[in-house]
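One structure below.
Think of it as A, B, C, D, E and F in the order they're written, each chain with its own count starting at 1.
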Amino acid sequence: MYINVQKRFIERLAKEQRRIDGRAFDEFRKIKIETDVVPQAEGSAMVTIGETQVMVGVKMDVGEPFPDTPDEGVLMSGAELHPMASPRFESGPPGPESIELARVVDRGIREAHAIDMKKLCIEEGEKIWMVMVDTHVINHQGNLIDATGLGAMAALLSAKMPKYEDGVVVFGEKTNKGLPVNHKVVPVTIARIGGHLMIDPSLEEEDVMDARITISTKDNGNITAMQKGLSAGLSVEEIEKAMEIAVKKGKELRKLF
Amino acid sequence: MPRKDGRKAEEMREVKMEVGIIKNANGSAKVQIGKTIAFAAVYGPREMHPKHLQDNEKAVLTCTYMMAPFSTTERVRPGPSRRSQEISLVTRAALESVINLKDYPKTAIDLYIIITQANAGTRTAGINAASLALADAGIQMTDLITSIAGGKIGDEYVVDLTGDEEKTTACDLPIAYLPRSKKVTLLQLDGDLTKTDIKNILKLNIKACEKLYEIQVKALKNKWDGSSSKE
Amino acid sequence: MYINVQKRFIERLAKEQRRIDGRAFDEFRKIKIETDVVPQAEGSAMVTIGETQVMVGVKMDVGEPFPDTPDEGVLMSGAELHPMASPRFESGPPGPESIELARVVDRGIREAHAIDMKKLCIEEGEKIWMVMVDTHVINHQGNLIDATGLGAMAALLSAKMPKYEDGVVVFGEKTNKGLPVNHKVVPVTIARIGGHLMIDPSLEEEDVMDARITISTKDNGNITAMQKGLSAGLSVEEIEKAMEIAVKKGKELRKLF
Amino acid sequence: MPRKDGRKAEEMREVKMEVGIIKNANGSAKVQIGKTIAFAAVYGPREMHPKHLQDNEKAVLTCTYMMAPFSTTERVRPGPSRRSQEISLVTRAALESVINLKDYPKTAIDLYIIITQANAGTRTAGINAASLALADAGIQMTDLITSIAGGKIGDEYVVDLTGDEEKTTACDLPIAYLPRSKKVTLLQLDGDLTKTDIKNILKLNIKACEKLYEIQVKALKNKWDGSSSKE
Amino acid sequence: MPRKDGRKAEEMREVKMEVGIIKNANGSAKVQIGKTIAFAAVYGPREMHPKHLQDNEKAVLTCTYMMAPFSTTERVRPGPSRRSQEISLVTRAALESVINLKDYPKTAIDLYIIITQANAGTRTAGINAASLALADAGIQMTDLITSIAGGKIGDEYVVDLTGDEEKTTACDLPIAYLPRSKKVTLLQLDGDLTKTDIKNILKLNIKACEKLYEIQVKALKNKWDGSSSKE
Amino acid sequence: MYINVQKRFIERLAKEQRRIDGRAFDEFRKIKIETDVVPQAEGSAMVTIGETQVMVGVKMDVGEPFPDTPDEGVLMSGAELHPMASPRFESGPPGPESIELARVVDRGIREAHAIDMKKLCIEEGEKIWMVMVDTHVINHQGNLIDATGLGAMAALLSAKMPKYEDGVVVFGEKTNKGLPVNHKVVPVTIARIGGHLMIDPSLEEEDVMDARITISTKDNGNITAMQKGLSAGLSVEEIEKAMEIAVKKGKELRKLF
């Protein structure tokens, strides 16, 4: 009932080109990116978008390559939507939403070849670096995908390789060498409310949007991942408009690093 | 330039659709696209229990996408994987777009998709099968739902990639499309493409979806004719 | 209540030597076996018994032998009773019924030495072939054990070894070489209803039977596995009669391959 | 030809049975057959909760067979295995044959078996212990239930194989037997045997079960005498 | 003899406490002691559901201690470990000592602690954060709760060991202490110590806890002042 | 309600220096320790304290050392509080109580260096002995920690190393060689009821105690593990008194081995 009243209110605002918190449709909430918030980790970042806050950490270890890419490092991504961050989340192993969150962010980075995986090969077919990117959500007030995407990128950019001596990783000792990051990839998530597209939905807006699309772009404006969410359909024109928005806003976001 | 298997860029692999193949289910279908085979089954709408899981306002739709252990080159471990859980999530959302769940309050509608052989395009084959299974179950739908993936090989835009083709390109753009309302209800991309690339692939995909729609309608007619001929 | 009426009806029929679908006590429903239904798998079969339908696939891979059988391949069997096949099945990890199904079929094959496991040794103590037989039930209308048993045997008989080069399995490329199958093993499941023994129980019959016995036989008529199910006791005479039936019907079933 | 441990073909290993050894349980027993040791405990009949799991017409019987981590040569990982789940299933069915669950509507009867030392014949030792535990719990039973396995070593039929003997033969035929109604309620076979082999092993098994019955009765009497002597 | 990082034996690492940092929570805090960082959040008291888990006489308090995957040298697998479950248990007991759960019948109070960076003393940092989070949530408490660990390096008793120091000694004695009632509500020891050793370490720990109490009070005042200044 | 009456009764008794079963505050129930109750295991013991009974088994195997202790064996401890032992226990994976039980006992032994782990090294960095101590509770009537601690120590003292030939453990064949046990460690658990400290609480006493402390001591009287349980606080004086009791009673308990 309450949701329905709020839904009608937010939709009516949308028709007047307005949002509940006064933002423009193409306006992010205030974004803050801090890096090295976990100095002991190889890389880390805290991203704040409005009242949404996520912490991303990068850990590295040496492992075996996958048989079909014997000369490439491995990227792994996880995210936990823990009840600590919102009364909406439940305890237990990651559900589909947190799996989707981690996988969408991961795909954008992976498909852009943002990390030069070949440079993470130590000995072909035997030893490679594994890069593990984990997200812990501190507070959920909407648009976790963009917060996580920015955090992952910032953490990767800030990461330093650990010391590796005599075939063993010396955990806790970092070198000055960064990760081989070639591209900066950022996702932009666009919500449709009352037939209008708007970026960076807050939690209240997420509750009433009927479709969602996340588009990750890299430095040259190419698109490296898309993910539509929710059940309502988008027209081809809406998809094209969303791509324009994501390319434009992606450019602005990359300046934050 | 023809493709390795002789197809044109906009040509799908051979498509076979059969409706009503799982007797116990309220609705079911098998869809084969090239060497990819998907079965779908719908149970429901049926009373939801335990009762505390009922939604008084609408049906609760669940969707489970699975791969049979023997469906691909290396054995697939039974049970949900991260990949299968994500596909179940986006498939469920896509299907929900054509069902008015409010028509079936307090009930459960359970949809299952299993891939028995995988050669690229398993999520899209599964959605085509699910569309038929829902229709076969007599569930009110505002549209059928069709699904295909496209990509770019070299400079060429192509539709319905095979497993071999997928290895030569790093891009995959699956959609689910509502042919009557002309809306895209599932859209994913793995790749590194320009906006123009994506527009062109979308066009190809939509054309293929329109063909899939015709094949779906035919498969449903075959089932209904078959049923009536038995009467 | 409904079950009780049906139970009395089916039991009364049994006393008149009749069955609900008109079959004789020693008559199978119509059986159809198709192989290579999953051409990409090493072996596969679809078995239809009346309205019961199961798909069985064989996958092969190279692994390490068990320490106590260093020169033998390994057979592994699994079955999933998924709610896709019947409203009676539940989601989740395999329950006792699906474990029993897979294990009973597996034991019949294993104890008959149906596959020459020594021929599946590649390098003693190091590398052997693993044969993984998995069953997916398409539709459950009774007698899953016999359907699965026939499917497993047909899939094994139809299987082709994958290509193995330079110590690596080339997945997706099969050779012309079949598996070293020495014996054809088939299970026959016998239900007791109203004191009478009958084969191939349908789902309606399974609901009212009070005891069940599955007996696997091989080409020479030897018995390689037995499994009694349900709680009612069988007399020694009934067990002996069941063995006679299973040996006789097993002979007929083997002609289907 | 005597067996390695000097027993005759039809001779069981030494059997010890003790009733009432787990104070908290409603009924319990310990059975040792040779070097195999099984404990069984029964809790119930007791009110089933949560209530939605109650059966208004009969008791819900559960059976859990487990092996202690230290019970066999290599440590057993705690938690159910595929083997232990199958044994729990067939043991439960065997035990249900002697309990009239309809006498105890809405209740739960939970039976637990743990093998603390394994040297072949663990499922059968467990069933013998369970039979005593049920009787000790005062649950109405139509019969006691006895259990033993037999096999064939070389040309000879033998009963109650040891772990060493099991290694020399590939056959194992365990049964559970109701000595008064003369019915077989559990029957399994791993092996490669003729019908005649099976008939002969069944005969040996049943003879052994009749002896086990006497030992069971004696163990229960000892308990009851012990109890009464305390009065 | 000063310690490697220049501290005196009875000197804690730098302590920072901040209250109210997780907006969605009813109460929250962040505590940093040296390089160890803990976040705590409290949700509740709120109606417990499902209802059958309600306690009519008091609140049900849960406590979950976790380490972030990136918090320590080797990546920590998400999900509960044996260690984290034991810490959750003893932490919950310690916290319960200051909350009158009977004031909140039928409700749930859920407390979560996550360590985002670990450099020894994670359970004690977590308890300090939890104390603040409970106070921030406005839950009636009979006392604040403070926590620190001490040990012995060579012949010297020291408080608040670093990760490096922990490697040079095999002893760890964490406590949780109620500064007003002067009671120890959590106490653990790993080590090999005489009674005298333990008495001396306890003394050091309690002195440190008294300092932590002052810092806690100050952090809460800062939050309340901050809040009121917003009014 | 019943608990409340019992609680007041037991507390009132405590104030009169009495216990419900007539024992003194510093008196154990009757203790019985049998070893080799599982002759096939490397070591085993059955401990009875009043009506509480636990069985502890020691299994050994050869494995790889942890990277940070390449020349030391490994001790692992587990405990199962199975519903077989008490209607209070639930099925399923070990809960926090059984984890605490195993870990407290384990810490006492480990921190005392009761087993000379260096003597369990077979080949530095490659092969070491793993000692696995598992507890199965037979009947729970209070004070499982002390019963488990006595059982673990007795089982370790009685254990014989398995035969190890040509790099392989010959399971089932034991040598005459015991484990290198240097110290006998025993836990003593002290309950506080009505403000009084008493050892070896029975189940009825555990239901009404408001604090619990377990203190493990070794031969020379040193303390190697402590664990306070439950939420009520203890004063420093109470902790000191508890240490006195544990040291004194520990001395007596060690005579039982």
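Criterion: a contact is a pair of C-beta atoms (placed from the backbone, for glycine too) under 8 Å apart; a residue touches a chain by one contact, two chains touch by 3 or more.
All figures in this text were calculated on a predicted structure; none of them were measured in a lab.
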item: Least hop count linking subunit B to subunit F through chains in contact; value: 3
item: Smallest number of contact steps required from subunit C to reach subunit D; value: 1
item: Greatest separation from subunit E - chain, by CA centre; value: C
item: Taking each chain's C-alpha mean as its centre, the one farthest from subunit F; value: B
item: Distance from the mean Cα position of subunit E to that of subunit D, given in whole angstrom; value: 51
item: Distance between chain centroids, defined by C-alpha means - subunit D, subunit F (Å); value: 31
item: Subunit A-subunit D separation of Cα centroids, rounded to whole Å; value: 58
item: Pairwise touch network: line, ring, star, complete, or other; value: ring
item: Sequence of chains encountered when the ring is traversed from subunit E in the direction of subunit F; value: E, F, D, C, B, A
item: Touching residues on subunit A, where the partner in the complex is subunit B; value: 95-97, 99-100, 103, 107, 110-113, 213, 218, 221-236, 239-240, 243-244, 247
item: Of all residues in subunit E, those that touch subunit A in their complex; value: 21-25, 35, 37, 39, 41, 43, 46, 64, 66, 68-75, 78-79, 110, 112, 114, 116-119
item: Subunit F-facing residues of subunit E, complex; value: 82-83, 85-86, 88-90, 93-97, 170-171, 173, 178, 181-195, 198-199, 202, 206
item: Subunit C residues touching subunit B - in the complex, by the definition given at the top; value: 37-41, 44, 51, 53, 55, 57-59, 61, 78, 80, 82-87, 91, 93-94, 132, 134, 136, 138-141, 171-172
